[in-house]
């Protein structure tokens, strides 16, 4: 349809669509500008050269990638079964999935801290058990990943359920007649058709993980060089009244993450546009 | 297919799906229990009877509902045009949409504060202009709604774009031959088919708005009885060391929001299952 | 939806004060502000956050009063404020969960098996305790036991109360909010109470009203009582 | 009268060049040709659903080449039906008329008339997902006929029907075309059907001397 | 041999009761009947895609009533094709054989043989969205034939094809059925096609004395 010029009766439609959408996009642009208005060139270059920031940048990308891969690994089967199977407790599970979205992230962090350290008692806790095995979660890198994972899996599952709900089951059924078992029908027929949706969910999860800081501060701390990620660095800068520093790290975060996401989205659209 | 018993070759598939999904659901349940372990019956009933909490409950539901309606109003046309039209700057807009997801919410709040109060200068700011007109945003209820709206619109748009991408354009084209202009084809053909996706996006936005507190603390403050919403109450309780209080409010939040969401989802599935 | 606007308009007619208040002072300040509002028919807008985050906020949006948890932040904000008035004080103490680790004094924190939570250097408590412990040459031995660094004093107290660490050094007022915690006074800090002061901001458009509230806060007996009730020490009047 | 004047169409690798033909008002022309020869492509181009690289389309002496589909006063029964999943059969039949703001009693009358003609009266409250193949085809036909279009495009609109239904609908179509002066273009693979319904049969191979294989 | 023994099917409001018939191995039986009479419903039930409330289905003396579709050794050409949007034509033809773990050279041979028989060799690298109606039908046919199923279910599998292609494919199907001993069930509306391909024609109305209108 893209070849026909819009007629007069379509103009109000295009006009109001662009106006509404444009207003929000303008708001976003203004927000970035507002954030950048506090930036000075020196703080920006300083930030880029600070070894602590570079270290936390590395940790940020590593943990976010790990947690979003884990999140996809869980949310793909979870959303698939919520979409395709009718089993006892299905709607309860569907409802439980809203908890990490509804709860302030800080409560999620606190709950994780309680779960690992004071249940059933602080002498008998999961963390003590793990420490006995020579590992540790609380206040270490695994805590970052677990905190991110807990929250983003719920977002990824919600997003993926929309995808699977909209994919017709019919092609899977035909695959069954051709000799597939349920796993093969899922793997060879449903999953490839869901690929754009899975990419979108994965990117959403990754992006959401980047912005997470509440639960990380509580469950992993913000020990420099050990558990400090970019979002917690930003929080600490704001908490010391250092706005230029916070603006600089925020812009680094925006630039790096948006370019990564655009690149992945571009690659994804190339492979699915066969 | 639900009438046929799974054969042996399908058991590993069902097994591993339930295992993976079940592990996450168990984690969520444990989190709620961990949170509840700090609860005493007295704090819970006290919380339910406290006029300040009831007031903030009311404000929470009102602002979240307002902001998610606004968010749908913006994200439906925005995601529709991103999905259907190829225009200049489309991929830039698509990328900008990730900003509110990537940025730590607290930075969003700070940017809003800067935008309204210190651009171009604090004497000449938007807020001053509004004050001159007899209204105010910063530190008032509209700031809560604006902070929530800024963030959840991005989530709703991402979720809706998946929906529109998966809806075939063909039926809209046929509607055009029957005399529809683009708006009518959108309104009468595309939108009703997208209804489950719109409901899902709206609920996601609403849930996400409930959990928001970083930008609200910064842009709207948390004055008791005026701009205190449940999520900020929880943050403040935690910050004054009152964990039982925080747990009580969190559980109130979970109970009320999950039942609201389940109800809406149930009503939505009834209307679309014609 | 429009139900949300009237509350805004009614508050427009009254004079109002914006007070940036450290989250740890929330309980006493909410009480006192509500009393003051009732007595004087004005609106007090309390903006809570960490002391540092408040500093960021007030740089951007102006306001009338700033009450950070410790005086340090007032030094940082010196170019934004006119006068400061002490309201209450806090003392650093050793905070434990129970008897389990047999910690009785500062030296016990240097033992092998102890886990500590400490606030970041930028937080008031973090800066203060590091300074004092450096001077007394205890810092090196204690530092090696620090398991986690948290952004605010509240977070470190939380860690102790949840059993994630064994001890922390925190403000008595903050620790006292949690009844289950055990508090041990430390001789090293006992004679160094830190004053919490409220400052009038240069950006204030209602200086007179602000002064009125400050004197209510610092001089009225009911206010002092409220501070004491929540574990804050009193200060000698200027 | 529909007249196609040397239109060329490109869709992906597939190209059609220099297609010309005319269809008189009140008559039907059948378009035949091997599978994949471009019949559907031509029909969708006439409806404005595919891009035309050159040439002109005139309908009743009006140049519709660059009009939007909604302004061409035509309707199509697509090969794949493309029913609206969220509308009942009744709403399908009412769709065109109500977009064109007919008044309610006219619409109701039209629905009843078409539903009887298509033998789908018992299906009026069904949704497309609950229809059989032939039932869906008839709904698509009814939807297209409802607005009394100037041009009716039938893309294998009569396949998948049993003989009785086929004959009934064929005669209903014939009547509509003659009585309402509709111009009809009809794609079919059945020579018998073509000769029954239409006054002229065009073989696609004949139109296009230099078609790519 | 396929034998259907008094099966009953319910799908929504539509009910079929007490259907029985048999099809000999190496032969084809055509199922005819008015549109909406339940032909597709019966066929999908045989394939295990719809619930049977009572009755038994035997294929080559094995009771397949409660087997999963994958264990029934049959394949179907659905009325709506239901091609896999993410696979090329070649991958459609290879799908069944590679699931059944044929070795690669056998698969390649089978693909070439089928593609030639269906005249779709030039389409092997296309995706379904770029196929015409008749081309898609032939791909669905090829996909179903590929695994040499014991039972072949053809739901209007030869509609939408031009006469030449139709005849070619008809004879290919006839050969396969006879030579490979396939049992075939065929739904069509064309009596001519039915008599050409099959040894027996079943009218759905005759099977079911007490059908709801």
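Chains: A, B, C, D and E, in written order; residue numbering restarts at 1 for each.
Everything that follows uses one rule, which is that a residue touches a chain if its C-beta (ideal position, glycine included) is under 8 Å from a C-beta of that chain, and two chains touch if they have at least 3 such contacts.
No experiment lies behind these values; they were computed from the predicted model shown.
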Shortest walk length in steps over touching chains, chain C through to chain D: 2
Most distant chain from chain D by Cα centroid: C
Leading chain pair when contacts are tallied as C-beta pairs: A-B
Length of the line joining the C-alpha centres of chain A and chain C, rounded to whole Å: 34
Inter-chain centre distance, chain B versus chain E - centres from mean C-alpha coordinates, in Å: 48
Mean-CA-position distance for chain E and chain D (Å): 29
Approximate Å spacing (C-alpha centroids) for the pair chain B, chain C: 33
Shared interface positions of chain D, touching two or more other chains: 48-49, 68, 80
Contacts with 2+ other chains: residues of chain B: 1, 7, 10, 106, 110, 114, 118, 173, 176, 181, 235, 238, 243
Residue numbers of chain C (touch at least two other chains): 50, 53, 56, 60, 152, 158
Of chain B, residues touching chain A in the complex: 1-2, 6-7, 9-10, 12-14, 16-18, 20-21, 23-25, 27-35, 37-38, 73-74, 77-78, 80-81, 85-86, 91, 93-108, 110-112, 114-115, 118-119, 150, 153-155, 158-159, 161-163, 165-167, 169, 173, 176, 181-183, 186, 196-197, 200-201, 203-204, 207-208, 210-214, 231, 234-235, 238, 243, 246, 250, 253-254, 257-258, 261-262, 265
Chain D partner contacts - residues on chain B that touch it in the complex: 170-171, 173-181, 184, 188-189, 192-193, 195, 274
Touch list for chain C against partner chain A, complex: 50, 52-53, 55-56, 59-60, 73, 76-77, 97, 100, 117, 120, 122-123, 147-152, 155, 158-159, 162-164
Touching residues on chain A, where the partner in the complex is chain C: 110, 113-114, 116-118, 121-123, 125, 127, 138-139, 217-218, 220-224, 227, 232, 235-236, 238-243, 246
Interface residues, chain D side, partner chain E - complex: 12, 32-36, 40, 79-80, 122, 130-135, 138, 156, 159-166, 189, 191, 213
